[in-house]
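Written out below as structure tokens is the structure these notes cover.
The first chain written gets the first letter, and so on, giving A, B, C, D and E; residue counts start at 1 in each chain.
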Amino acid sequence: MFGTLFQSSAVVSTALSVATLAMFATAALAMLGLTWTSERWRVPLALSAVALLVSGLEYYAASNIWLAGQQLSAASRYVAWFVVQPMQVASVFFFTCIAGKVPVGVFWRTLAAAILMVLARYLGDARLFNPTLGVLLSIAFWLYILGELYFGAMADAVGKSTRPIRLGYFWIRLIMTIGWAIYPILHFVDVVIGTGHVAPIIVLYTVADLINLIAVSMIVLAVAGEERF
Amino acid sequence: MFGTLFQSSAVVSTALSVATLAMFATAALAMLGLTWTSERWRVPLALSAVALLVSGLEYYAASNIWLAGQQLSAASRYVAWFVVQPMQVASVFFFTCIAGKVPVGVFWRTLAAAILMVLARYLGDARLFNPTLGVLLSIAFWLYILGELYFGAMADAVGKSTRPIRLGYFWIRLIMTIGWAIYPILHFVDVVIGTGHVAPIIVLYTVADLINLIAVSMIVLAVAGEERF
Amino acid sequence: MFGTLFQSSAVVSTALSVATLAMFATAALAMLGLTWTSERWRVPLALSAVALLVSGLEYYAASNIWLAGQQLSAASRYVAWFVVQPMQVASVFFFTCIAGKVPVGVFWRTLAAAILMVLARYLGDARLFNPTLGVLLSIAFWLYILGELYFGAMADAVGKSTRPIRLGYFWIRLIMTIGWAIYPILHFVDVVIGTGHVAPIIVLYTVADLINLIAVSMIVLAVAGEERF
Amino acid sequence: MFGTLFQSSAVVSTALSVATLAMFATAALAMLGLTWTSERWRVPLALSAVALLVSGLEYYAASNIWLAGQQLSAASRYVAWFVVQPMQVASVFFFTCIAGKVPVGVFWRTLAAAILMVLARYLGDARLFNPTLGVLLSIAFWLYILGELYFGAMADAVGKSTRPIRLGYFWIRLIMTIGWAIYPILHFVDVVIGTGHVAPIIVLYTVADLINLIAVSMIVLAVAGEERF
Amino acid sequence: MFGTLFQSSAVVSTALSVATLAMFATAALAMLGLTWTSERWRVPLALSAVALLVSGLEYYAASNIWLAGQQLSAASRYVAWFVVQPMQVASVFFFTCIAGKVPVGVFWRTLAAAILMVLARYLGDARLFNPTLGVLLSIAFWLYILGELYFGAMADAVGKSTRPIRLGYFWIRLIMTIGWAIYPILHFVDVVIGTGHVAPIIVLYTVADLINLIAVSMIVLAVAGEERF
């Protein structure tokens, strides 16, 4: 991004650069948000801020790679997802902990599921494992996380809580249901069908990441801010 | 900017470098300002600080591109505007929220209008859309934002507030009326008439960005500081 | 990592890049954690945060070296261990100081043992010393630290403390027993047997560092947070 | 500076590198100072800290340019002065606001004079304007600022204040009288006489900047600290 | 350091890299320390933290220079010493100010002596002055500082203070007596005898800097922390 000329018609370069700036901007916002939200909101907010920061670093790397050679592999995405998606799942767990008592076992189970979900897709992409099986396993771990979100102790704790927390949880869960669905779908097209990491897939992944990461963070920030304004 | 020699007579290099330093300087000032202003001012102040930071990163990139090859496209500007202009509109919304109750629908409508305003101009610049139609649509979304600022719930909330808030709002609205007018005008000359992204356009865009971004931020900081000194 | 294309099948590149991002992410988290934990926890927390930051810088350097030439020496690891492992031992000392009174001599003895433990391995790796003797001396210093952890004044102080502190100490000690065992083993294979710093050794070292550093930090953060939630 | 070998006998390289480090060091000190000074001192302190930071960035760029090609133009200095000198004048204004009531018109007049003072010299250096006339205009604007400092509302407000504030103001005003005199003198030698931006001029400018910027900042920090110790 | 492969047997590269990381790590620790120490300790602590930061930047530059060409001059050291050693002397002055009343004249005299001490050695190294006379003058200024430390107002103020402050002062003074003795000795070997800036001198300087800077900072941090734990 820095120091390389491109035209507006270069949609991939534009998308990767906008994602870089938007991730860093919202990461900065969420970190500044730690100074005005009440203390009990700081764990989920810090987790989602750091997830945005890591994702911004990855998009910075990705846009540099793309601008240098007009190609990109999925590897830099997996590097970030290994860190970002477990952090997002942990952020949701600590979000529900503010609503009510949630057993700590839920934390370990959903964290492990998030790591395994990324690992299964990664092993498929790296051809160290059957890609089709990888994507299926990845969907299974994702559905397990959704199960915890819809029917587990986290949903119970939130259900007895205040309206802003219930509303925030509803939207975060919706994003993790609809927005996260794009990852196995694009992975299936890219790796199993075998189109490769072509421009439309890069743009779609980028738009999905932008919405999934920024929306979840801003919801946490908004719910945390609701208590004060 | 860093490590490349240029003479004072290179006006474009000087303008881009001054913009870079001025954006970073005022971003740092607005962030330090978060430590001395009262808590309720932190959301609009943080938003405008982050907008300045993002704009500083863009000008840093732009000055590097210019110094490397003495040319620049509008693409890096659109990359920043996609992040900066929605953040500025959000900053004004949260500014008015301090003055009084503003329905949350206004936030979503003006945010969407700001994103669509940039998108319409971007699609024209990328030739993915008719440039003339793009600039007209962009003006329509801008006028919608101005309508909300002059006749909507934000104006009502501010009208019943203290003098510093009313005064600050008056100036911010004026900048978004007069200062933002330069964007469709320069876009029209650059893309529709087709002069391309030549030196005078770069300098004019830079001066406009400098005033629009820094003035709005410093007004928010000054109004926030008024409560304490 | 930044600006270099690699495929998911490049396991070493992926491992080093994930380690870089994960170290920086948890360092940021531990530093943000200083804003919500009580003051008396700040010394061990700051020490483990800085250890993560230094380790992140080392992995950033290592991934750049690997991506540039597909080879790596153990030197950059020793550079980091000279700083990181004494800081971790100091972090555990200050952790136990919160539990109860620990004589300051323990601090100096364990700190010296940690420095000598790394130095012995380093001198072996640099062939300035007999590698076999180096690894044996290194194990002796490590066992001395373990002795202090299991039977010294630190164990006594923790034993009379609250449950979260006892539990945290148990896990940290376990990691320093099992997790740290991998360092002399891999060193033995790399230097004494003489396989050199090959890919499997790099990946194993990276996984060990990831778990040893991040787990210890997150345990300190969790125990510190326990007091408040 | 970074990664380029030079000998101690390279006086220009040494001067530019020392200026870079000294500016960053005192900027860091002034920013850390915000955590221990009382709230009302934060505006002038933040302004002078940011001025140092911007100046440090400029000297970092200048030392890189010099080390790369052993030549330097005045352009990078003007880039920094456009931001730094208005910030310093604003810092003095807010300093006097702590002492007593100063009409806000003084702020706008001195800020405009500071910008025009730099602009007049810049236009002369860029040959967009008669250099002799430029330097004379620049001196006129400087004398106007001095007039405000010696006989205007700021001097009145400070005169009725405490001893540390009076003393601090005396020294800041003296620096802006004697220290700032070097800028038109060196500009006259460099541009009007036409020696060009040769080594002795670079070193003299650097020494002047070092004293003018660091001394003013440290005086503000010292006066602000006086209230507490 | 970053992106360049070296082996453990490259002792100079290792020493410079360890110094870089250790300086940054302890600078970060001292800055984080500002959040848990009482306010009156912040001036000496901030000064020693910034001295470490500046020294870290210098070692980062030095390790890059060495890795690029396997040679190094003393110039980058003098660049740092011009900033670091006056800051350390100022840090000791403000340390003693916490113990008791010290006349401000001591500050100006020791600060000037520290700057002249570095300047005398620098002028000798740059051959702008007789090296032997330079080293003798430098020793004279150093002895003057030691005189103030042992028999001046600072020793008096500390003598009537608490035990931790007396102990901390004793150790800092000892380091400035024994540890600082290495600078004129190595300068004598390097410049007057004329061995040049060879590997053993680089390593010895690095070890001296490591101990002198880090130990002094950590003593200030420890004494400051003593008041709370």
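The criterion applied here is as follows: a contact is a pair of C-beta atoms (placed from the backbone, for glycine too) under 8 Å apart; a residue touches a chain by one contact, two chains touch by 3 or more.
Chain identities (UniProt): A, B, C, D, E = Bacteriorhodopsin.
Small disclaimer: the values here were computed from a predicted structure and weren't measured.
Counted as hops between touching chains, the shortest connection from chain C to chain E is 1.
Between chain C and chain D, the superposing rotation on Cα atoms measures out at 145°, rounded to the nearest 5. Chain A and chain B have centres, each the mean of its CA atoms, that are 28 Å apart. Rounded to whole angstrom, the centroid-to-centroid distance between chain A and chain D, based on C-alpha atoms, equals 46 Å. Looking at chain A, one finds that none of its residues touch two or more other chains. Moving round the ring of chains, first from chain A across to chain B, one meets them in the order A, B, D, E, C. Across the complex, chain A meets chain B through its residues 1-11, 13-14, 17-18, 21-22, 24-25, 28-29, 32-33, 35-36, 225, 228-229. Only residues 31, 34, 39-40, 42-43, 46-47, 49-51, 53-54, 57-58, 60-61, 64-65, 68-69, 71-76, 78-80, 82-83, 87, 97, 122, 125-128 of chain D touch chain B when the two sit together in their complex.
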